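Two complexes come next, and they have one chain in common, chain A, joined by chain B in the first and chain C in the second.
Here is the complex of A and B:
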């Protein structure tokens, strides 16, 4: 039965071994589900969130996975709109990773809102002056787009494809995928940006506040830019990890090289813009509001100036420098280092713009509040990781995710 | 929210936000309707029946 579902011409591990690993990851998943139900039934008192950390581990994880899932929209944009045909060999995996990231983000939000049954209120009673309304609209619609992009992959399963209707449906969806990809790019541009805009419009929080164009602070554009730059790095990283685990080459080097090169130039231009933004904020914006740069990075046990160095230098300049050079991309060690650092860089950026921005004292009598997430928060944040691993395992086993696998592993 | 809802106001905010939402939902809905409809017609014509 199982072998009938596996794509033709590829080898997979025995069902017993596969089931064992699903079971191990499934235990972690169940731990997260248990914590999730605790939060739903007992409420947000299960968390260590407080007035200074209303945006806590969950919202950081949300923003981080949305940025890392940006590989789907940007790779889709390059493949279908720009016409980079080589990327057809990695677009399936980018879509899968994006689907996992966005469904995870929605899952975390469903826990965070406390009463998920009222989530529809944001659509029906929308506050049209809120960046987060736009995020909710675009996030939901884009998850729909990702689902539409993922469905044809499922329909390509050997047994499902035998059903004429499903075969025709998958074929038709492939035919107009460029329309969905363009819609996805449009939606992603706005929700990635609006997530950055949330911090940028906080004029009462000088750590996050930025000037900008019309209603859009600079952080709006920086968030979209960084997601487009670092999302593909995450796609490359997960592809490389999958290759190590399966012991097979799954995507040709020229495909990885192209994506890494584009990602590198996006990251290089982003980090230049980010440095200019940080410099202007440090010498003009923050002082105009009565703050010096070091006030944001001192007198607390956690948020030192190292976090700025980690985000911009290690997580930005270094990976960009590696990825824009042919020598850097062709070295396996350097490529691994670059994509890992880029992923860390964008995750630290989201951490800073979600947590540090709300924790920085703004009044003379305030002190730095600290925060340590509860085990329920940690478990529910690990839950999407376990879910993602299981979905990748199932998709890799039963769906033709990697078009070059057969050729690379005869 | 729709224009006939009591909360609706004919201002730029509502038109831009909800216009964008309906635009995206419209493309998704029309796109999927086209795909499913064409798949039904293709299947009735006997296409896609010789795959393993």
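Here is the complex of A and C:
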């Protein structure tokens, strides 16, 4: 029924089957939308946040999806600026994943603020000293860039492409895409860093605070670095999952291998920097504020030293070790393991830099407050996942996302 | 923050709280809530959701009877000066909602500008900032008793102790009308200071040698909370008890021993 919309030369499942899955994911989406409206109409009392946890699940989700969406800017940077031509075969998907991640981040932020209708105050009354101001400006601009990068893809739909205006528009946009890729890379280097700076500048919170260069704490650079390292891992992971679900090979191994190799070296260098940062913080920064390392990881029911091990060893050293070796990248099992661990590693990093920063008691006579998100928080966090799945399903079905699909599936 | 160098002679309003005098009666908290129209709910059991611009902490020395000792510690906003007005919350607020006033040393909050991102709450190590999780609901007839000088706040914004800034405005207007530029010490006092039956709270200009706080803050028993962080708070505490003074900050084991000697 919708065969006229499907790209030429590729096979797609029957419309009924497709609609059924859209419907199932759509139910989850509606659940999230319901929770979202509850938060908007009834307020943030619908959450389990409190005065100790001003930042909680949503801010973590924001930081995590932005890091994971980093695959878009870094792959674009490699493809258009560095000139890694093979990556043209995965750049479309990286852009789509980035678009989903960034639109999700903006949506979550719109739910998270106490007075969403006043969100424009961040632009109108901007405080140039605040990391969040920089995040808001760069995030909005970069979302615009991602939209511009995604539009030519939509215009490549068989029916839309028949309209001469859209055909020419898409062609011309492709021609100047390097400019937007460069802009996107520039913006991303800053807002990824500023998100790291959000916790890094909190000199009242010894768990998050870091020294740095001029106005930028070390976390500024570490966040950009880790997003550039782990974002492409997420792109690879989602590509692999898509291949499993569709039962088709969509991207050639040499493309995945190249991206995984660069990602691996980025991750390896990042994790060395992260270890140095952690060591300096543990032996110099925190003690200067009266804290020992283990005080951050004890006397509470959840935050043990295991979380540091999970982040740095399992989520950093292990995947980096796998990805920098040819043997590791060529083994399907090892590659899957590495990209999953890298995604977990960066997500755990974002978790501790939000939730644990809030949890560690600073006043000596206070105790660790614990937090469990409400169903409304969980539903609104799953909402972007459902939205992302639906957008991927639609894009994969009707747009030529994977240039090598036809060749790989004759 | 730009105004820093314009004012050669500035006021730095601050507090000195004598913890040896505080009985933990809570009169200061009640006065604060009444003065500042702080909303409350029927069920206030979860203190992490309560708005208490001034909160009293109960500290113990952790020793068994008969050496048990207790101290009540009232905690308003510390109105941190940080390093050159770089207080933890002021620098992070993305919408310039909160500012360090160089004329008074008071950290302000513009409720109608705040859009509720709560970054300032994350930045404050004293938990002095509170979020309005609900719209205020006043018991029947209570609206008549609200302080007309203090605006009530709506759901979704952050609020905190202002050192009763509207009182400063009233006093300043009166002084201005009388052709005076300086305020007398008693002309501007916070509600908690006046309500304390034990006289534990003293309020005034920390820069003014005529004000009591000027001398009190120099007491050998005076300390501030979390001084090591560099927040540079303007609320001082006094206690003759060493364990209380030590409870004001985090110390490493060797620092602890050094101090003990």
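Simple rule for what comes next: the second predicted complex is superposed on the first by the 408 of 410 C-alpha atoms of A that agree within 3 Å, B and C clash if a C-alpha of one lies under 4 Å from a C-alpha of the other, contacts with A are read in each partner's own complex, and residues count from 1 in each chain.
Keep this in mind: a contact is a pair of C-beta atoms (placed from the backbone, for glycine too) under 8 Å apart; a residue touches a chain by one contact, two chains touch by 3 or more.
Just so it is clear, the model here is predicted, and its values are computed rather than measured.
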item: Which superposed partner A:125 touches (first chain B, second chain C, both, neither); value: both
item: Touched partner set for A:51, first chain B, second chain C, both or neither; value: second
item: Contacts of A:11 with chain B and chain C, given as first, second, both or neither; value: neither
item: Touching partner for A:202 - first (chain B), second (chain C), both, neither; value: second
item: Greater chain A contact set [chain C / chain B]; value: C
item: Which of chain B and chain C A:133 touches, first, second, both or neither; value: both
item: Residues of chain A contacting chain B in one complex and chain C in the other; value: 124-126, 129, 133
item: Interface residues, chain C side, partner chain A - complex; value: 1, 46, 48-50, 57, 59, 73, 88, 91-97, 113-119, 121-127, 129-135, 154-158, 225-226, 228-231, 247-253, 255
item: Residues on chain A engaged by chain B in the complex (per definition of touch); value: 123-126, 128-129, 133-134, 137-138, 141, 144-145, 148, 158, 161-162, 164-165, 167-169, 171-173, 176, 179-180, 183, 186-187, 190
item: Interface residues, chain B side, partner chain A - complex; value: 1, 5, 7, 11, 13-14, 16-18, 20-21, 24-25, 27-28, 31-32, 34-36, 38-40, 42-43, 46-49, 51-52
item: Touching residues on chain A, where the partner in the complex is chain C; value: 43-45, 49-55, 112-116, 118-119, 121-122, 124-127, 129-133, 136, 198, 201-206, 287-292, 357-358, 362-366, 369
